[in-house]
Structures are given as C-alpha cells and as structure tokens.
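Structures for review follow.
Both of the next two complexes hold subunit A, though its partner changes from subunit B to subunit C.
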Partner chain A sequence: MSLLEVKDLHVSYDGIKAVRGLDITLAEGEIVSLVGSNGAGKSTTLRAICGITPFQSGKILIEGRDIRSIPPHLLVREGISLVPEGRGLFGRSTVEENLMMGAYSRRDAEIGKDLEKVYSLFPRLLERRKQPAGTLSGGEQQMVSLGRALMSRPRLLFLDEPSMGLAPIMVQKIFEIIRTIASTGMTILLVEQNAKVALSLCSRGYVMESGKIILSDSASSLLANPQVKAAYLGQ
Partner chain B sequence: MKTLAKYAIPAAILCILPFLIDAAFGKTWVRIVDFALLYVMLALGLNIVVGFAGLLDLGYVAFFAVGAYLYALLASPHFGLHLPFWLVLPLGAFAAGLFGILLGAPTLRLRGDYLAIVTLGFGEIIRIFLNNLNAPYNITGGPQGIDLIDPVRLGPWSFGHSVYAYYFLFLFFVLFTAFVSTRLQHSRIGRAWIAIREDEIAAEAMGIDTRNVKLLAFAMGASFGGLSGGLFAGFEGFVSPESFNLMESVMILCMVVLGGMGHIRGVIFGAILLSVLPEALRYVGPLQQSVFGRIYIDPSSLRMLLFGLALILVMLMRPAGLWPSPTRKRELSAKGETARHENTNVYDAGR
Partner chain C sequence: MEIFLQQLVNGIVLGSIYSLVALGYTLVYGIMGLINFAHGDVVMIGAMVTLTVIRLLSGSGLPGPLVVLCGLGAAIPFCMMTGYLMERIAYRPLRNAPRLAPLITAIGVSILLQNVAMLIWGREYLSFPQLLPAHAFPFLGASISFIQILIVAGSGIMMACLSILIRKTRLGNAMRAASQNAEVATLMGVEVNSVISITFMLGSALAAVAGMMVSAYYGIAHYDMGFLLGLKAFTAAVLGGIGNMEGAMLGGLLLGIIESMGAGYLGTLTNGAMGSNYQDVFAFFVLILVLIFRPSGLLGERVGERP
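For the complex of A and B:
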C-alpha cells in the first residue's frame, strides 16, 4: 500500500480553481518531486494535503486512511511534516526554540536526542542555537526549517520550494542535506520550480500545469523529455 | 541568605511604599499609585493578547468595563444586590473571559489592521450599550452610571475608602497577575502564542490548534481586564460609561508598547510610568505660576503634547520599548551583523 495517495483532488480558494483533479501516489521511502511553473498549483496541493487549505473534493489517504476529517493540528501526529514556502520561521525565537517547536506535538522522552541529531546534521545551527532565527542568513534559515520539520519525527516530509531565494551554492548545500535525509529512508515529496535540481535528486517526478498533472515518469525520463526540457529546463 | 535578600528587600519596600508616599506627597498620590497598580494589571492582561499572541486589540477597555459593571450590578443598591466581593470578582473575570471569546470567535481569521478595526468597534459597542441600557428597563443606569457601589469587604472588615487597604489588595492582585503571566509565557501555551504571533501557518504545521490557542489568549487577557474592572468598581464606588472610552484602550496599549511588548517587567514599567507621569505633569501649572508669575501653557494641553512627544521619541530611539525582552533586544542589535553572516555563509557553503 502506498504511504500517500491523493485521488482526484480539487482545491479552490478566493474563487480560483488552483487544483483541478490531481492524482499523486508516494510509496514508503520514495523521494518524488512535483515540478511546475509559478502558479501551477504546487504549493496549494501541499497545503491541502497538510490541512492548511481546505479542499473541495477528492480523497487524501495516508496508508489507505482518509484524513479529511482530521483537523490540521492533529495531522502532525499522523506523521506529516511540512517545510513551508518561505521557510515560515518564528523569527524572534532562537534557533533552538524554533527546533523545539517542531516537537510541539510530541510528549516522549527522546526529544532531546532528536535535537542532537538535528544539530549533527546541521553543525552550523549548533553554533547559532541561541541566536534569533530571523537574524540568520537565508540558507541557515532553511536549515532551521528543515531541522524543525524533522523534530516531529515525520514519516512523510513535504518540502515547499526549499531553494527559493537562496544563492546557487546554498541551493546545492541544501539539496545535499535533503539527499542525506532521504538516505535515512524518509519519504519525501519535493515541490520545486527549480526542476533540474529537483529531478536530479528524485527517483520519480510529476509535472504540474494549471492545476493538473500533465506528465508523470521516472526522473531520468523527465529530464530527457523534450517537452520538459523546453518548458522547465530552459534547453 | 541571597534569596532572602532578593525577595525580602523588595517586599519590605513595597510594604512601606504607600506610607512613604503619603508622608512625602500626600494621600492623593497614594490614590494615584493605586490606580497605577490597576493599570499594571490591565497592561499585563492586554500584553497576553498583544504581546504574546500578537493580536492587536484596540477595544481592550471593554473587558475592564464588563468586570466593573458586573461588580456594580451585583454589589450596589441599583438592584439591591449586595454579593460579597470574593464571589463577584471571579464572576466578573469569568464574564469578561466569555466576552473575550465572543470577540475572538468571529475575528479568528483577521490579523493586524483588520483585527484592530473590529476590536475598536467592539470596544465602542460595549460602551454604547452601557450608555443606552437604561430604557425601557434600567439595567446599567445609562450615562449616569451606577453609584454607591459596595466597597470591598473582607469578613466584618470593610475597606471603605482607605487608599492603603486598596493598595495592598491591588498589590496582591498585581503580583498574582504577574505570576500567572510569567508562568503562561514559559508554558506550552505561551510557546504556542509566540509561534502564532511569528507565523500562523507554520504554527499550524507544528501541530498547534491555532483556533483554540487564539481564543484562549483573548479569554485570558479579557479575564484579567475583568478582574481589574471589578477592583476598580469597588475602589471608586461609582462606574459610568465615560470611564471606558477609546482613549483608555489606547492608553493601555501605549503602556504595553512603550514598556516593551511581550516583556512582563517592561510592561509593568510602562504601565507605572504612563499612569504616574501625566499626574506629575499637573504640577507644571503651579510651577509656572511660581516661576513666571502666570501660567503660559495650560497643563492639560501640555500633558497630551508631552505625552505625544515622548511616544514619538521612544519609538524612534527604542523601537522595542523602554525595557524590551532580552530576545527582542538581541534581535534588533544583531540586525547589522546579518548581512555579514549572509556573505560569509555563501562562501562557507562551498566548503
């Protein structure tokens, strides 16, 4: 059974039909990217799955279980974790406070251990742990956002434009870290405008346009696809 | 020994303070200090909503009014009810808390300026209701208000109009409010409030029930307002809608902002400063009289002028407030360094 299954999803807000009949599946341990141009409905799809934006029709199943009736704040306990677009940090709180907020829904004794794991993944954050998150550089902020998402011990990690607003070299660094996270067996859905970098990291990809999936294939075939090349890779 | 000094000395000072003030400046000033304590409670209550949860509330005085009127209705000859204060006071806090939810529920999706407009309207609605609920049935006494409210009574002993007795009563409630505020700030709920203030979507993604947590902020803030309202009614012996106008809400908000939003000690400082300073400016008139032989500038207009000037200066020089929280201060001072980090990081990333 697939870990995440989205069937015929329709989302509209403010009178705009942002997503019109979208189907996506994610198997356990897979890293899949959802690429598409600005306004294709990628972020809306993620937000709908995470319960932040309500959806009109369709089904979202996690291990075959419909999550429609679960209020958004309880979805974290189902193992869903989101790295929001624009990072969504608590700017005035320190790095460590931000990371600890990721464990807000947890009450077990291993939170401290996970914090150390995050610090070993991002040594830079250990140096900056007492600094307000808003004063970090863009790349460091993205690290905080990733680390915070990991603190909830997710089974399913959603990344919304992790490369946005970062210097190219920082983008590389962040994607290396995503690769490291993926190597631990985490299931990841990566939403990106930067199709080339995203597809080179993933095994499979979906191409989205005007609220629909127009292509679905292995990452290597998508990278070789002339249509994708022309529209998203600038070749 | 150290802890003894840390608590015993301030406690001793707070205990003899009203007598010292009386000896130095007279009883009027003890009364002013009593009011300052009420304002401290109000500012701490509003700080929960504005400082912690980041929800701008321009109608906070409405909750003060709810507490005050509930006390007045249940402990005065108006309805012939004379319930004891230990019953009326918690009732007032509870009723104000309900009003807080009443205001919070329809405004959950609003933020910033939109929320400010609705809360402003709410504050005015409550005041206008109080002003007009005297016909066909006289509930609130209309513009005349309610007079002859029972003073606070503990067993056989009435507080009467003793400014000293009220000083200690208010001091007790201020300490209580400050204690609860501090505990809230460092609790799970406090962290959730801060998260909502900083980024609501991210907060929701962390698993925070943003709806309930926001309502709780409104309710908690409002109940502190209601509590101080009840104390105000017992202390003054008289309430009327006039005392609960928009300027009061603005004043309480100024105390929070000027002192240092979200920082409990800063807010207390702001409240004391802004409630005592305007009173001190009353002496400017007699001072001019004695120095120049006549009054050049009317003290009442000077008060607002200086007040406005002080606000502008503070916001220019100390944008985080007079006594900001350590985090806030760090953030503002670190601003200049960020750019430098940004540059070094780009290079570091390549390593």
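For the complex of A and C:
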C-alpha cells in the first residue's frame, strides 16, 4: 500500500480553483518531485494535504486511511511535516526554540537526541542556537525550517520551494542536505520551480499545470522529455 | 522631596494596576492583532463581582481580608468566562475579516458590557467597604498604606507568574509560536483556537485582579469605570510597545509615575491655574507623543525577518 495517496483533489480558495482533480501517490521511502510553473497549484496541493488549506472534494489517504476528519493540528502526529514556502520561521524566537517547536507534539524521551542529530546535520545552527531565527541568513533560515520539520520525526516530509531566494551555493548545500535526509529512507515530496535540480535528486516526478498533473514519469525520462525541457528546463 | 517620594510611591501603585491591565491588551494584540477595547470593561466586571460577593458576605463575621479574597475568588473565574465568551461569540467569527471589523466589534462589546453592568448594578457609585487594614507605614518621609503594598506585591507576583508561564511552559511555547505565525504553529501541532481562548482568559484573570485592586484602592466602583482605565492601560501598552509583555509592564509603571508626578506638580508649575484634576491629561499627552515619536513603543522594536 502506498504511504500517501491523493485522489481527485479539488481545492479552491478566494474563488480561485487552484487544484482541479489532482492524483498523486507516494510509496514508502520514495523521493518524488512535483514541478510546474508559478501558480500551477503546487503549494496549494501541499497546503491541502497538510491541513492548512481546506479542500472541497477528493481523498487524501495515509496508508489507506482517510485524513479528512483529522483536525489540522493533529496531522503532525500522523507523521506529516511541511517545510513551508518562505520557511515560516518564528522570527523572534531563537533557533533552538524554533527547532524545539518542531517537537511540540512529541512527549517521548528522545527529543534531546533528535536535537543533537539536527545539530550534527547543521553545525551552523549549533553556533547560532541562541540567536533569534529572524536574524539568520536565508540559507541558515532554510536549515532551521528543515531541522524543525525533522524534529517531529515525520514519515512524510513535504518541502515547498526549499531553494527559493537562496544564493546558488546555498541552493547546492540545501539540496545536498535533502539528499542526506532522503538517504535515511524518509519519504519526501519536493515541490520546486527549479525543475532540473529537483528531478536530478528524485526517482520520479510529476509535472503540474493549471491545477492538474499533466505528466508523470521517472525523473530521467522527464529530464529527457522535450516538452518538459522546453517549458521547465529552459532548453 | 517629600512630595516627590510620595508621588513616586503613588505612581508605582497606580502603575502596577495599569501594568496588569495593559498586559491583557498586549497579550491579545500579540496573538491576534486585535485591540480589545472591551478589556477595560472586564476590569469593571471584576470590580463589580468582587463587590457583590463582599456585600453578600459582609454580615457573616468573616475577617475582612478573607472576605476580599472570596470576592476575588469569584471575580477571577467570572471574568475568565466573560473573556472566553467575548472571544467565542464576538471575535472568532471575524477571525478572517478585515481588521476594522473586529475593532468596531470590540467597541460594541465594551458598550454592551457597560450597559449590562448598569442594568445589574445600577448607575450609582458603589462604595467598597473598609475591609483591609487602613494603617500606613512611614517610608523615607513618604507613607505607604497597607493596600498600596498589597497592590504592588500582588501585581508583581502575578506578572512574575505570567512571565514564567509564557517563557517556560508548553502553553507559553504554543502562545509565542501562535503569535508569530499561527499557520505554522498549527503545523507543529498547536491548536490555535484554544490558545487564543486561553489568552483571553489569562488577560481577563489579570483584569479581575486589577478590578479588585482599583476598587479597593479608590473605595468605589462604577459601571463605566473601565472606560478611562482601559484607555490608560491601552496607552501604557502602546508606550511599552504593544504586543511586547515586558513593554506592557514597563509602560504601565511609567505611565503611573508620569501621572502621579504630573498631578503632584502641576499646581506648582502652573502657579495654581491647573490642579491635580488635570491628571488624566498626562496619559493621553504621553500617547500622542509616543505615536508621533516612537510608534513602535519603548521596547517594541521587532527583529526584522529577512525575506
């Protein structure tokens, strides 16, 4: 059974039909990218799955279980974690407070251990743990957002434009880290406008346009697809 | 010098009360960007409920301080309930409305509370019976009454508890997260609606205590006593930087001291043309100055977030 299954999802907000009949599946341990141009409905899709934008119809199943009736704040306990577009940090709180908020729903004894793991993944954050998160550079903020998402011990990690607004060298670094996270067997859905980098990291990809999936294939075929090349790879 | 010290003491006492009320404004503003203009009237409800219980118990022979404590014990939950219902009924339906709508609603709630209070408790000034020891202690040439000490100590303890709650507890973490980014807080597992309810109830509990203090201090309570007090506490919150807790405490104290000093010296300064009855002018003079020269308040400097 797939870990995540989205069937015929429709999402409208402010009178705009942003997602119209979207289908996506993710198997355990897969890293899949969702690419598409600005306004294709990628972020809305993630927001709907994570419960912060209500959806009108369709089904979202986690291990076959419909999550529609689960209140948004409890979805994190189902193993869902989102690194939101624009990072969504608590800017006045310190780096460590931000990271610890990721573990807000947990009550187990291993939170401290996971915090150490995050710091070993991002040594820069350890240096800056007492600093307000809003004063960090864009790349460091993205690290906090990633680290915070990991602190909830997700089974399903959604990344919304993690490279947005970052310097090229930082983009590289962030994608390296995503690769590291993926190698631990985490299931990841990566939304990116930077289609080339995203697809090179993933095994499969979906191409989204006007609220629908228009293409679904292995990453290598998508990278070779003339239509994709012309529209999203700038070739 | 004696006047100075005495006015300083009076100012700190008055300021402690302002701080307690200002915290209610600032907590709610911090979490939902709303200036709850009905907050001053919750203070009035606190005073009225305290008085009602005190009158019921006046013939019982219980010691005075215990009677006051019973009044407070009733006023706190009553005000918390008022705050909870106010948010639930008046503000929650407007959560996603333009900001002007909840603001006007807050003014409406304020009028409603005053009128309901007038129906229940009447238009007359109610007197607060002499239940607390009235003696005063000399202090460096000034005098401090028992009730003044009680007010300063009581608000100090309440503010310390609130600080610990917000800084050290799970609920405090949730409140701080929700005030910075409600949506992301939800993703982390915070139930933002209940955090908002709790915030209203916390602010209202402080208001109840302030209501008891203010009516015991001045010896009277009245259905519209919350209006001016609320405006002044709001001024204190803006002075300190609205949304900032330490700012509310500092702003309250400062405003209290400024007012007392103004009242103490205005007569001398204007050669008797204006007396201490102009005391209320100072709060709003301060508000205007802050809004012109430092709209973000004394401690209201926010950490900029890089895009």
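As a working rule, the second predicted complex is superposed on the first by the 235 of 235 C-alpha atoms of A that agree within 3 Å, B and C clash if a C-alpha of one lies under 4 Å from a C-alpha of the other, contacts with A are read in each partner's own complex, and residues count from 1 in each chain.
Note that in this section contacts are C-beta pairs under 8 Å (C-beta built on N, C-alpha and C of every residue); 3 or more make two chains touch, one makes a residue touch a chain.
Everything quoted here is computed from the prediction, not taken from an experiment.
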item	value
Subunit C versus subunit B on the shared subunit A, clash or fit after superposition	clash
Subunit B versus subunit C as contact partner of A:V197, first or second or both or neither	neither
A:I169 touches, of subunit B and subunit C: first, second, both or neither?	first
Which superposed partner A:S152 touches (first subunit B, second subunit C, both, neither)	both
Which of subunit B and subunit C A:T94 touches, first, second, both or neither	first
Touched partner set for A:L222, first subunit B, second subunit C, both or neither	neither
Partner chain in contact with A:L74 - subunit B first, subunit C second, else both or neither	both
Which superposed partner A:I52 touches (first subunit B, second subunit C, both, neither)	both
Touching partner for A:V35 - first (subunit B), second (subunit C), both, neither	neither
Subunit B versus subunit C as contact partner of A:G139, first or second or both or neither	first
Intersection of subunit A interface sets (partners subunit B, subunit C)	50-52, 71-77, 81-82, 84, 88-93, 97, 100-102, 104-105, 132, 134-138, 148, 152
Partner subunit A, residues of subunit C touching it in the complex	170, 173-174, 176-177, 180-181, 183-192, 302-307
Sites on subunit A touched by subunit C in the complex	50-52, 71-77, 81-82, 84, 86, 88-93, 97, 100-102, 104-105, 132, 134-138, 141, 148, 152, 165
Subunit A residues within the subunit B interface of the complex	50-52, 71-77, 81-82, 84, 88-94, 97, 100-102, 104-105, 124, 131-132, 134-140, 148, 152, 167, 169-170, 172-173
In the complex, subunit B residues that touch subunit A	188, 191-192, 194-195, 198-199, 201-210, 327-328, 330-331, 334-335, 337-338, 341-342, 345-346, 348-350
